[in-house]
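Order of writing sets the labels: A, B and C. Residues in every chain begin at 1.
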Amino acid sequence: MTDISQNITVSRASKASYIAAILGAVILVALVTAPLWAGRAELRLMGEIFLYLALASLWNLMAGYAGLVSVGQQAYVGFGGYMLFALTMFGGLHPIAAIGLAGVLGILIAIPVAFLIFRLRGAYFAIGTWVMAEVFRLSFAQVSALGGGSGSSLPVAIVRSLADGRQAREWTSYWLALGVVVVVITAVFLLLRSRRGLALSAIRDNELAAGSLGIDIWATKFVVYIVTGGLTAMVGALIFLQKLRISPDAAFSVNDWTAFVIFIVVIGGIGTLEGPIIGTLVFFALRETLADLGTTYLIILGLVAIIIMLKAPKGIWGLIRDRYDLQLFPLGYRVSQSKSDERS
Amino acid sequence: MEWVNAILQGTLLGGLYALFAAGLSLIFGVMRLVNIAHGDLIVLAAYLGLTVTSTIGVHPLLALAIVVPAMALIGYVLQRGILNFTLGDDLLPPLLVTFGLSVILQNALLEVYTADPQKMNAGALETASIPVGDLAVGVLPLLTFAFAIAVIAALQFVFYRTALGRAFRAVSDNQDIAQLMGLNRRHIFGLAMALALAVTAIAGILLGIRTSFDPSSGGGRLIFGFEAVIIGGLGNLWGTLAGGVILGVAQNIGAQINPGWQLLAGHLAFLVVLAIRPRGLFPRISG
Amino acid sequence: MPDPILKTEGLNSFYGDFQALFDLDIHVEEGEVLAIIGANGAGKTTLMRSITGLLKNGANEVSYRNEPIGHLRADQIASKGLALVPEGRQLFPSLSVEENLLIGGRVGRPGPWNLKTVCELFPILDERRNVPSTALSGGQQQMVAIGRALMSNPDLLLFDEISLGLAPVIIKTIYDALPGIVGEGMSAVIVEQDISKALAFSSRVYCLQEGRVSLEGASSTVSRDDISRAYFGVE
């Protein structure tokens, strides 16, 4: 055996990830300046895409990395939405401050929830999260100040306080959506690159082995759960700032805020950062072309998700990555030999 | 007296929840599968019952003779055709595939039967009651509770006294070794799902006689069944009945205080049990 | 010479990416007791899993009575008359002793073995038939595992490490029962760590080393030196 240790380099980045970073920067600049080149309808659609991408990235962090499969994230979407309404209407806060505070409150409410539902394992955990979402929905339906079961609209004065003029409000709303998705993806990326992230990857690959390596699985999952809860509440606040109207059924809809999100992640590729991005684009492409079909569209979506889960469980991004060995977000480590030793 | 009545009615309602839960519990026991579409399958059974009663004009309870075998067949085909391919060490595939099934079922029902709430007509049975002291006990709730006891006793018998039950337990213990005994686990899982959906058929018909239902009713039924399973203790069929009763009583007491608190009170009872006895009130001793 | 009851030809078995058996050719003659010995990790248990169908192989890599079975499922192979006493007993914990035996008879092949004859072979099982299988001692569990395999009236019985983890006195009881089991025209394969036991009770022996046959011979003629060479691969 020859000693090749001197010629080996370990790096996180690859050529593809540099190109992706540059491309990402270009796209980000284009997106920030979108109000200058895009029409009102496109701006609205893009805002919605960003919010779904944020939800998908967060769900993927929980299910794809921490092994916490939740079908109850609508709890935090709805909670965030209601907090926006309550904080602006009764607390007199500016909507943007309310969004931030909704995130903090989301974390606070997620703590006791986690203590309860972490007692359930695996699939039962999933249904437990759904029960929590139902508890949230039924509780908010009891609050008559927020319109009870029929819900309420955001007062015009609060809407006006966001920015002067309709165009300025639409732009602000768009930038907020873009901002939140950048925050979410950056947060997920940094979390995964940190020591906790390494622990997460270990848990994803083999929970038993990770535990024997001294990783505190419970604490790691707990942190992921409450951070996800807080960020999801922020996204929820933004969603209902755009909708301007909230009701328990809309705020805590399992289809809108969890089913679609799960389909996005499964189709794009679970357990990767790139997957939710691709999944969101596919989801909206399908929606824009098939939405006229109504229920048939949802049946098709369900079928596509099932087929992908059975035939290509790593999703579209998994197929691409297996073929081309690509990684756009430099998360893993790559070992390569330097050029001088490339005889073999 | 109102309170006694609430508790009595809640107990009987618990029978229905136990029927929701029994199939869920059976499937989990045999193959560790949690079926998110379970509630939608209950609703599917109710719609099948509706179609049978309206096309050939029989009483809903007679429709069981068609709906039970139909659901069992659907269960076997579903298991062999799709769900068997999701089983393994990974938790995600069964969860996400049954979640996808749930969305497909809901929307397919919406397509066929529209979103209008429906109900089955069981004639005099719906209003008949037996006076007990000052209270009136409905015949239908009583019948539902009797069905729950009969179904759980029958499942218990199948599970612990028959060759099929031996096969279920053997496959649940160790799939490889069971296979060496000449048991084809794919077939055994198919039979388990068939049995579970036969129970689901009974639950669906009784649900459809008792209250109105629509294509989106499934999620709620899944949650009630799930809560009954967890309150009662995993892997204990009689515990499931106790769990259903506790849930039903909690809901009725909640409704007695404030009509808006009915469901909330049930969920809170579940969360309290989860907080103080996470393994349920009557966990099975082993495993 | 009659055809062998079982043979493998060019058997390659894998656990994921890891190859455990390499081009393995072995055969079992009708009516013989064959011993398979080898160090830990030599591939003995993998071979048992491949033969019984718990690992899938190419159809022709394993054949039973000249019929390719390498591609069949374990339950299909079991119904042809092949039974395994698995390593570590592996009884069904939620079944009673009697139920464990009954499930072994589920294949329903005709023959001398039934609940009554198995209990005659191991009388202790009759006493404890309604006890959960987990309540038995290791030796008693091994008796149930053997009885369970016999209940299917197999033509070829595979024993994987039957003496592993058992007290010497128990091992003796079990080996004393062996002639009564395999005497009636049944063929058997014994996988053993205990070489002297393996040689004493078999007519022929294979030694495996790193997934390949390193020695084959008549049990009465192979020398200790040959075996230790084949076992450890040292010169």
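Throughout what follows, a contact is a pair of C-beta atoms (placed from the backbone, for glycine too) under 8 Å apart; a residue touches a chain by one contact, two chains touch by 3 or more.
It should be emphasised that the depicted structure is a prediction, and the values quoted were computed from it without experimental measurement.
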| item | value |
| --- | --- |
| Partner chains that chain A and chain B have in common | none |
| Identity of the chain that, by mean CA position, is farthest from chain B | C |
| Distance from the mean Cα position of chain B to that of chain A, given in whole angstrom | 33 |
| Whole-Å gap separating chain B and chain C, where each centre is the average of the chain's CA atoms | 44 |
| Centre distance in Å when chain A and chain C are each reduced to the mean of their C-alpha atoms | 53 |
| Footprint of chain B on chain A - complex, ascending | 63, 67, 69, 71, 116-117, 119-120, 122-124, 126-128, 130-131, 134-135, 138-139, 141-142, 149, 254-255, 259, 262-263, 266, 270, 295-296, 298-299, 301-303, 305-306, 309-310, 313 |
| List of chain C residues in touch with chain B within their complex | 52-54, 73-76, 78-79, 83-84, 86, 90, 92-95, 99, 102-104, 106-107, 134, 148, 152 |
| In the complex, chain B residues that touch chain C | 163, 166-167, 169-170, 172-174, 176-185, 286-287 |
| Touching residues on chain B, where the partner in the complex is chain A | 33-34, 36, 82, 85-86, 90-97, 99-101, 103-104, 106-108, 110-111, 219, 222-223, 226-227, 230, 260-261, 263-264, 267-268, 270-271, 274-275, 278 |
